[in-house]
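What follows is a pair of complexes built around subunit A, which joins subunit B in one and subunit C in the other.
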Partner chain A sequence: MTLGRKFLLAASALFSAPLLLAQSLRMNLPAQVAAGSALSVPTSGSGQGTLTIVGPGQAIRRQVRLGSPASVPAGVLYNAGEYVAMLSSGSDSQIGLFEVTPAPQPSTLSFLAEPSRLPVDLQDGISGTVYVFDVYHNLIVSPMPVSFDLTASSGPSQTRTVTTRYGVGWTRMNSAPREGSAQFVARAAGISSTRVVDEVPGDPCNLSMTATPVGGKAKLQTAPVRDCSGNPVPDGTVVTFTATWNGGQSTVDVPLKRDIAQVEMPVHPGATISVASGVVAGNEIHWSGR
Partner chain B sequence: MIRRLLVFACALALPLGLRADQALVQVEPPNLQGSRPLEPLTASSVVRDYLQSWTAFRAALNQNQPRLLSQDFVGTALTKLSHTIAEQNKLGLHTRYVDRSHHLQIVFYSPDGLSIQLVDHVVYDEQVIEGATVLATQPVHTRYLVVLTPSQTRWQVRFFQATTE
Partner chain C sequence: MKGALLALVMTAATGVLLAIGTIWPVPSAVYYAGGGKGTLLSAASTPEAAVQNLGVRIRLHDWQRAYSSLANKAQFTEDAFIHDLTGYNLSLRSQASLDSVTVRPLHQSADSADVAMTLHWFTVMGPFDETRNVHLVENDGRWQVDWPLYKQPTVPPQVIPVNYLRWDVIYSGSADQWGAQDVAGPNVRIVDMRPVNRAEGVYVLGELLNNDVVPAWVTVRATLVGKDGKILGREGAFDMISHRLLPKEVTPFRIHFPNVDLSQVASIRMHPEAILISASADPVVEILNQKYSALPIATLTGQLSDQSGQTVSFAHVLSTFYDSNGNVVWVSGRFIGRALLPQTPVNFTVPVPEDLARRITSERTIVATYSPKGVTL
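The block that comes next holds the complex of A and B.
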C-alpha cells in the first residue's frame, strides 16, 4: 500500500468516525402496515430511544431499546393514512414515512337506500349506495364486489352486482308492480346490511264515477280507485267532485274509503260534473237532474 | 406570505375569495361514471368547502383545538381528527401542516345526492413540534379520499383518508 493511499484511508477513518456515530441511530420502517396489525421496526444503535408516530389519524409514542425492534402492539395503530415516524435518542433522530392501510376484511357497510317510500312500478326509482369500511372504520379502497338484492313481498327479486370504486358501490332498482314492503339488501364479503323500502300504489288510473238522483241531489260515486298497476289507492286519498254550471261552481273533497269515494251534493240541472284526484282527471257527466 | 395561486384545469369556477391558503389548486373535470349529474355550481361549492376544511384542519392540529373542526368536519372525520388532537395533547405535541398543492377530482356523486366523493392528490409538509422544538419536518405526497355530505349551508367532510397512490 502506498504512503498516499495509507494517508487517505487514515484521513477517511478520522473524518468518518463522528458521522458513523451520528448515523448509528437507524430504523428500518416498512412502507405499509395494515390497520390494527402489530408494527415491528428494526432499529440500530444502543441505549434507550423513543419512537414517535404522528399523522392526521393518530399520534403515539413508544419507548425503544435501540438495537432491538421497536414494536407497536396489534390494535394500537388503526387509523388508515400517512404517518411520520421519528426515532430519537438524545440529540440524534431519524425520520421516516409510512402508510397505514385499511384492514382487508370489510366489517361495516354504510348503506343508504333512497327513498324509503315510493310508488310501485317506477323505473330506476330506488337507489342504493354503499361505502365499505373495515373494523376501524377505514374506507376499504381496493375494488370489491358488492351485491344489491331488492326483494318485494310479491314478484321476483332484482339483483345487481357492482364493483366498488374508491370504496363506494351504487345501483338503481325498479320498484315492484305490486304494493308492499321490500327488503333491500347490500352484501360484500359476507357482510350485509338491510333496508326496508315501502312500495305504495301510484296515482289513480282511469278514474271514473257514476251519478244517480237521490231526493233532489246527485249521488256521486267512483268506481274502485286503482293505480295503473291495479293496486288499490290508499284510503284517505282525496277525490274532488266539481259541478259547474252557468256562472257557478260547487266543489266537494271526499277521502277514499274502501277504495271508493261517494257523496251526495246538490247539482243544478244542466251542470257538468267532473271528478279528479291530484293531477289525475276522471270522466265528466252532464247532469239533467233525472 | 406566499401568493396564492389557483389553476383551473376545467370549467369549474371556484370563487376567487375561497382558495386554499398558500397552495396551488388544480381541479380536474368530474369523473362520475354515471352516478348522478353534477351541476357546476354544486361542484364548485364542494371544492370550495373542501379547501376551507383544510384551513380548519391546519389550525386545529396546530393549536390542538378540536372545536375548530366542527364547522367543516362531521362524523368519522371529526371523530378521528378530534381523537388525534387529544393524543397530541397527551404527548405534548402539535403538528403544523402546510399544504403546498391540491390536485382535485370529484369521482362520485351518490344517486340520492346525499354524498359526494373526491380525490385529492395533495402535497404538504408535516412538521411535528414538541413545545417550541421542531422534531421533524417531512414532505408528504399522498392521495386523500374525501367524502362530503351536505348540511344546511355547506358541504362538510365526513370522511378523510390518505391512501396509496
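The block that comes next holds the complex of A and C.
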C-alpha cells in the first residue's frame, strides 16, 4: 500500500467516522474496477446526494439518489490508478478509495527492437523489449506471456517466449549467418508488432586483387569481396589501393561496385601494390609493368 | 543630464577620430580615394619592389592597374589574368582574399631577374599559399613582371558514365508512436589515438573508421582531464578530419588544445560522433605520386586526379604520418585552392613540422571533397 493511499485512508476514516455514526449516508465502493468498465456504487440514505470521483487526470461529479446505486457508465473511468470517491448530501459525506486497474486485454504493444542494423552471425546481438498497453494506453502490469519471433530471409527462425514483469518483457536474439532483412515480431494475446532488422555482412575476408597492364597504367581489380561467412560485402564499401615505390606512393579509395572494386592508375615499375578495406589488409603485388 | 554629457563626449570623440583619419589616413583608403599610391606602393626600382607592388594591387582588387603593370600583358587578356587569380570555377580560390606576398630572389642580372613569389591567401576554411616563379624585366629603370599565367586545362568534350551508389535515408516521422523503430546511427570506432605534446599545446591525433555499411557524417571531440579530476579543456577536430565517411573508410583527425601541457593531463575522454546521412559514392579522386621529403623543407607533395565527370569545387587533403613502429606521429592537411577538373591532375603540398620530419617513415593520405549541387563543368 502506498504512502498516499495510507494517508487517504486515514483521512477518510478520520472525517467519515462521526458521519458513519449518524448512519445517514453510506456507499459501498468496489476495491478495484477495470479501466473502461462501468462502475456501480450502492448507496444508503435518502434524498439527493452528490458523488464526486477524483483520479489520475480525471474528476467527475454525478447527482445520485441516495438508497439506490450510483452508476458511472463504461468508458468514463479509463486512467489506471487510485481514485478517491466522495458521497455527500447536505453536511453529511463519506469518502472512500478504489483502484482502476488496466483493462486485461492488450491493445497495443510498444516494441523496441535494437539495433535496426547489425553484422551477421552475432550472438545475442539483437534485443527486443515489449511494453504491453490496454486500449486506454495503460501499462498492463499483470504478468502476461509474450512471444518473440525472429525470421531471417534465409535459415530457421528463432522463437522465445517470456512473461512480462510489471508490463515489460524482453529477450535477446542472435543474428543469422546470412545477410538480409529479418522480420522481428512480438506477440501478446493476439496482438502483434513487427520490426525489421537488417543483418548486414561483416568485415571483408580474404581480400585479394589482380593487376594487369592497360595502356601504360595498371588495372587493379579485386575478386568479389565477401565477408567470412561468404556474404557479399555491400556496394559502396571503400577499398583502398596503394602503390608504393622507392620514395613515392599513390593511393586511391574506390567504392565497391557489383561486389568488386577496380581502378586504373599509373604505377611505377618495381612498385608494390597493396589493397585494404577498413582495417582489413589484402594481398600485395610487385608490379613489373608487364 | 547624463545623456547630454554622453552626447557631448561622443561628439568630441567623433571629431577627434575624424581629425586623426584626415591627418594620418590609412594608406589603402588614400589609394582607393584616388589620392595616389600613398605609402602602399614604392617605386619599382628593384624586382622585389615591383612584385610587392603587384601584390598590393591584387590585394586591393585593382585589376586594371595590376594588369597594366605587367610586361607581358599583350600575351593574355585582363579577364584571363583575373580568372587566373580568382579561379575559373567555384573553388576555395574564388572565395579567398590575398593577405600578403613574400618574395625570394632567385637570380638577377642587369635587365632581368627571377624571384619566387609566394601569395598568402586566406579563406574561411583557413589559409593557403601559392608560390610562382616570376620573371622580371627592366625597362627604363623600372622593373616589370612577366606574369606566369596559369591556363586552365581544357577537358575534351565527352560523356563519362557514372553509376556509383547513392544512399538516401528516411527517418521515422514525428507522428510515429513511442517505441517506433528508427534507423540506427552508423557504427564508427577510433582505431588509433595518440596525444602529442608540443610548444603550442597538446594535440590528440588518431584515426576513425566507419565500421558500418552506411555512410556517416562524423566528428571527434576530446576532453582532457587534469590530475585533480578537473576538466582542462574540450575541443573538436573541426577541419582536421574528413567529416563524410563511406563504409570502411578511415579518416585521420587532429584535435588541438592550446595552452595545455601533457604533464597536466591525467586522462583523455574521446567522443566519436556519427550521424547517418544521405551520400553518394562518387567522385573517386586518385592521389598520385605522393612523395615525402624531410629536407630541406619537410613536406608531402603529390597530385590529385578527379576520376569522375564532375568538377570538384573544394578538396581537402589530409595526411597521417607514421613512425617506423606504425605509430601516428602527425596529422596535417591542406585545402586545395583550385577546383578539380575531371581527369586533370592538381598539385598539392602538405607541410610537416620540422622537428617531426626525421621520425616519419610512412604516410597515408586521403582527400575529402565537396561540390555544391548544380556546379558543372
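The rule is simple: the second predicted complex is superposed on the first by the 264 of 290 C-alpha atoms of A that agree within 3 Å, B and C clash if a C-alpha of one lies under 4 Å from a C-alpha of the other, contacts with A are read in each partner's own complex, and residues count from 1 in each chain.
Definition applied: contacts are C-beta pairs under 8 Å (C-beta built on N, C-alpha and C of every residue); 3 or more make two chains touch, one makes a residue touch a chain.
Since we're looking at a predicted model, the values are computed, not measured.
In the superposed pair of complexes, A:T52 makes contact with subunit B only, with no contact to subunit C. Once the two complexes are laid over each other on the shared chain, residue contacts for A:G190 go to neither subunit B nor subunit C.
When the two complexes are overlaid on their common chain A, residue A:G215 makes contact with neither subunit B nor subunit C. Of the two partner chains placed by the overlay, only subunit B lies in contact with A:W170; subunit C stays clear of it. Of the two partner chains, subunit C is the only one that A:Q249 touches; subunit B does not reach it.
By the touch criterion stated above, A:A80 is placed in contact with subunit B alone, subunit C being left untouched. When the shared chain is aligned, subunit B comes close enough to touch A:I60, but subunit C does not. When both complexes are overlaid on chain A, the residue A:P266 reaches subunit C alone and has no touch with subunit B.
In the superposition on chain A, A:P156 contacts neither subunit B nor subunit C. On subunit A, the surface touched by subunit B in one complex and the surface touched by subunit C in the other have residues 112, 114-115, 131 in common.
Considering their complex, residues 33, 35, 57, 61, 76, 80-81, 83-84, 87-88, 91, 93, 95, 97, 107-108, 110-112, 114-115, 117, 119, 126, 128, 135-136, 138, 140, 142, 145, 147, 159-164 of subunit B touch subunit A.
The touching residues of subunit A, when paired with subunit B in their complex, are 32, 52, 54-61, 79-82, 84, 86, 88, 93, 95, 97, 99, 101-102, 112, 114-115, 127, 129, 131, 137-139, 141, 165-168, 170, 172.
Taken in their complex, subunit C has these residues touching subunit A: 163-165, 167, 177-179, 181-184, 191, 209-215, 246-250, 281-282, 284-291, 302, 307, 363-366.
Remark: subunit A residues 108, 110-117, 131, 195-196, 200-201, 203-204, 233-239, 247-255, 257, 263, 265-266, 277-279 touch subunit C in the complex.
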